[in-house]
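Beneath this line is the structure, given in structure tokens, with notes to follow.
All chains are identified by letter, namely A, B, C, D, E, F, G, H, I and J, in their written order; residue positions are counted from 1 within each chain.
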Amino acid sequence: MEFLVRFETTLPPGMDSEEVGRLKTNERKRATELRQEGKLVRLWRVPGRRAVVGLWKAASTTELHEAIASLPQFPWMDVTVEPLALHPQEL
Amino acid sequence: MEFLVRFETTLPPGMDSEEVGRLKTNERKRATELRQEGKLVRLWRVPGRRAVVGLWKAASTTELHEAIASLPQFPWMDVTVEPLALHPQEL
Amino acid sequence: MEFLVRFETTLPPGMDSEEVGRLKTNERKRATELRQEGKLVRLWRVPGRRAVVGLWKAASTTELHEAIASLPQFPWMDVTVEPLALHPQEL
Amino acid sequence: MEFLVRFETTLPPGMDSEEVGRLKTNERKRATELRQEGKLVRLWRVPGRRAVVGLWKAASTTELHEAIASLPQFPWMDVTVEPLALHPQEL
Amino acid sequence: MEFLVRFETTLPPGMDSEEVGRLKTNERKRATELRQEGKLVRLWRVPGRRAVVGLWKAASTTELHEAIASLPQFPWMDVTVEPLALHPQEL
Amino acid sequence: MEFLVRFETTLPPGMDSEEVGRLKTNERKRATELRQEGKLVRLWRVPGRRAVVGLWKAASTTELHEAIASLPQFPWMDVTVEPLALHPQEL
Amino acid sequence: MEFLVRFETTLPPGMDSEEVGRLKTNERKRATELRQEGKLVRLWRVPGRRAVVGLWKAASTTELHEAIASLPQFPWMDVTVEPLALHPQEL
Amino acid sequence: MEFLVRFETTLPPGMDSEEVGRLKTNERKRATELRQEGKLVRLWRVPGRRAVVGLWKAASTTELHEAIASLPQFPWMDVTVEPLALHPQEL
Amino acid sequence: MEFLVRFETTLPPGMDSEEVGRLKTNERKRATELRQEGKLVRLWRVPGRRAVVGLWKAASTTELHEAIASLPQFPWMDVTVEPLALHPQEL
Amino acid sequence: MEFLVRFETTLPPGMDSEEVGRLKTNERKRATELRQEGKLVRLWRVPGRRAVVGLWKAASTTELHEAIASLPQFPWMDVTVEPLALHPQEL
């Protein structure tokens, strides 16, 4: 199943820059793993914002949730998940 | 997978009352079939409105779409689908 | 009577991690009690968020309020309550 | 239990004026009955609109729904129901 | 004149608990006075929230404002005032 | 008491142009009367729309409602009323 | 450049069924051409609605507009276009 | 003074096609006049919609309103006007 | 030209009370000057809130912006400006 | 391609004033460079707010994103980007 997943990350203002750096590196690493697992299919930037839209694949919404929640920046992410149904023209 | 599905049906004002009656009968029949198939699990009324909220089950969003679209009043239904993920406390 | 109750919990950023741990343990304990009392019937996660949707039962909205307010994380919860009416097809 | 119920009635433009008159008379009659049954407690007009806000009482949301749905103009009413919980200062 | 007044109070996170206690006691005292003055007529809780809906009476919106602003927690209250007009069925 | 009253009028598409003309003439006449009664104080156009914002005066919201409802185009008006309280700098 | 394009089509209620049939056939034909031109990349159904979300490609927003406006059902489509920027992880 | 003016035109469904053609021709003619008068400065299409955004100039909001209201399709236009203030970097 | 200007002021929680007092005094002084300049015409309180609605006059939106920005509390004000056009009935 | 870009900047309350001064100087410098590159075409102030609307040009949304993200105050900016399509009357 496919989903459109939007998220915007707002780290706490006072967070120390080293911690921010480590988080971002781990985030990229985790995102790469999710690509290899076939869960994260495509990623775009929302122009002008620190936000992204992604095409994700998962066997269920529960699996999708666990994949998103595995991202290191998850505690500071504002996420909306939009389920997609197959269009007959794609068959 | 489980979904919360809301819909409000607005039939065209001029529709002839016999047609309305037939539609509603077929709607109930189809809903009963969907229950027997395990797709429609629970149905509630939104108090004060001609709208319902239902707990649905489907193997995928595509299957869910086809189930909803099979309802005779589908062309006049305003539907929102909310995907639900399993909560660990339910395991 | 049945209600759909949504809530998202945002603990203050500076809260010490032990306090957070204790709150979460007590929250799970209280939720289990509410299940045994028949008030909390089903719980789902909103995919991608630190939010839940639950099916609750209470004899009145006042009783429902007291049950929700008894959750340890209540001071930091953003809650919306949706009343549900019985649908004739469920009789 | 008490509820705040808002509704705005929009009759179809082409409806013949006699039918409108009969509906309004029956509406007032039914409202009076609902008062006598203790279900409709107070009614206010939303200033400037053909809309009302009412304080209603019912043993359950299902009973409330049936009371509202018994109003002759129900098919043309846009209704929102807000559940109210008892405030400790009122005990 | 009658008004529906909603408010939700959010005290600053760091406020010392004694100060919070004193504020809440004074709030209850002031609310009781407003009842005796006939300004605060009925109060309900919004189920699940730290918010209230109240039926208020005042000779003018200015008098209503002064009554609400006299509540000790006013600086931290998010308030909406809805004016109500008399319904002919109430005469 | 003073109120900001916004309204946008949408006459039914099929209304015959003579009827529209008569309505508009009567509307202007009634508006002039309301000015003489001191109820309609100032009127502005919302630039680009067939909508107006007005400063109104009335002894109560009920009196305000009756004044607005006395406008010939009332059945086709979408109105919002905003109550205003006196500002101390105006005393 | 890539865009997320959502649209929901609402044909006029009275439209004769043959005309509806012809429109839908031409719509599918045009959509196929847009795929061959590489403009329409992926299409999904919004579960439960007569609406679609699509991933589109165009050299400019003007070219995108002309492609969407070339769809036979365009006069009855409610469209929103969301521009997407390339994400560095996709390079 | 400069303004951003958005509008979307929805002609009544039953309007006869000749009348539609005449309206559109007159609309273009009037728009050209407004350009010559320096009132309409730039016009863009909202991609995917039958809507436009324009940069307009007028000595006052009243003059702007009269210019917009002079467009033949004004009775069927949904318009929003956004006032713009000069930015110091433009001096 | 006339404008309806709404603003709500939220001073930072930790601001020292003397600084708050000085700001409020200077705010009143500046408001009085703006009245003398004919820019601030009328001011009302939004009942129940720490917010105001004002009728302002300015030769342009740029002049209006500078007048509002000259208020000492401007950095903490949430402002919306609504342009008003002259209504023919006011001529 | 042209875009309407809105942004409102909210610097953290505790930021030291020298840092704020440096940021604003660099912001003006960067904005001037973007003008010279032809990316920032026109800039207006939203009257009454610390917000701007700008007309921008870029070969793609990705290029636009990079231009906006190059502004020193980008981490504290709330941005919305609206894509514009060419209007035939502008050819």
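The definition used in the following text is that a contact is a pair of C-beta atoms (placed from the backbone, for glycine too) under 8 Å apart; a residue touches a chain by one contact, two chains touch by 3 or more.
Here the structure is a predicted model, which is why all the values come from computation and not from measurement.
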| item | value |
| --- | --- |
| Contact-graph distance - origin chain B, target chain I | 3 |
| Third chains touching both chain J and chain A | G |
| Equivalent of A-J within the choices D-E, A-C or E-F, defined by over half of its residue contact pairs recurring | A-C |
| Residue-number overlap at the chain D/chain E interface, same or different (half cut) | same |
| Chain centre separation (chain C, chain H; CA means) in Å | 51 |
| For chain F paired with chain H, centre-to-centre distance based on mean C-alpha positions, whole Å | 26 |
| Between chain H and chain A, distance of the C-alpha-averaged centres to the nearest whole Å | 41 |
| Of all residues in chain E, the ones touching two or more other chains | 3, 45-47, 61-62, 64-65, 81, 83-86 |
| Listing of all chain pairs that touch each other, if any do | A-B, A-C, A-G, A-J, B-C, B-D, B-G, C-D, C-E, D-E, D-F, E-F, E-I, F-H, F-I, G-H, G-J, H-I, H-J, I-J |
| Chain A residues within the chain J interface of the complex | 13, 45-50 |
| Of all residues in chain E, those that touch chain F in their complex | 1, 3, 60-62, 64-65, 81, 83-86 |
| Contact set on chain F toward chain D in their complex | 3, 5, 7, 12, 61-62, 64-65, 68-69, 75, 79-81 |
| Residue numbers on chain A that touch chain G, as the complex places them | 2, 4, 28, 31-32, 42-47, 52-53, 55, 82-87, 89-90 |
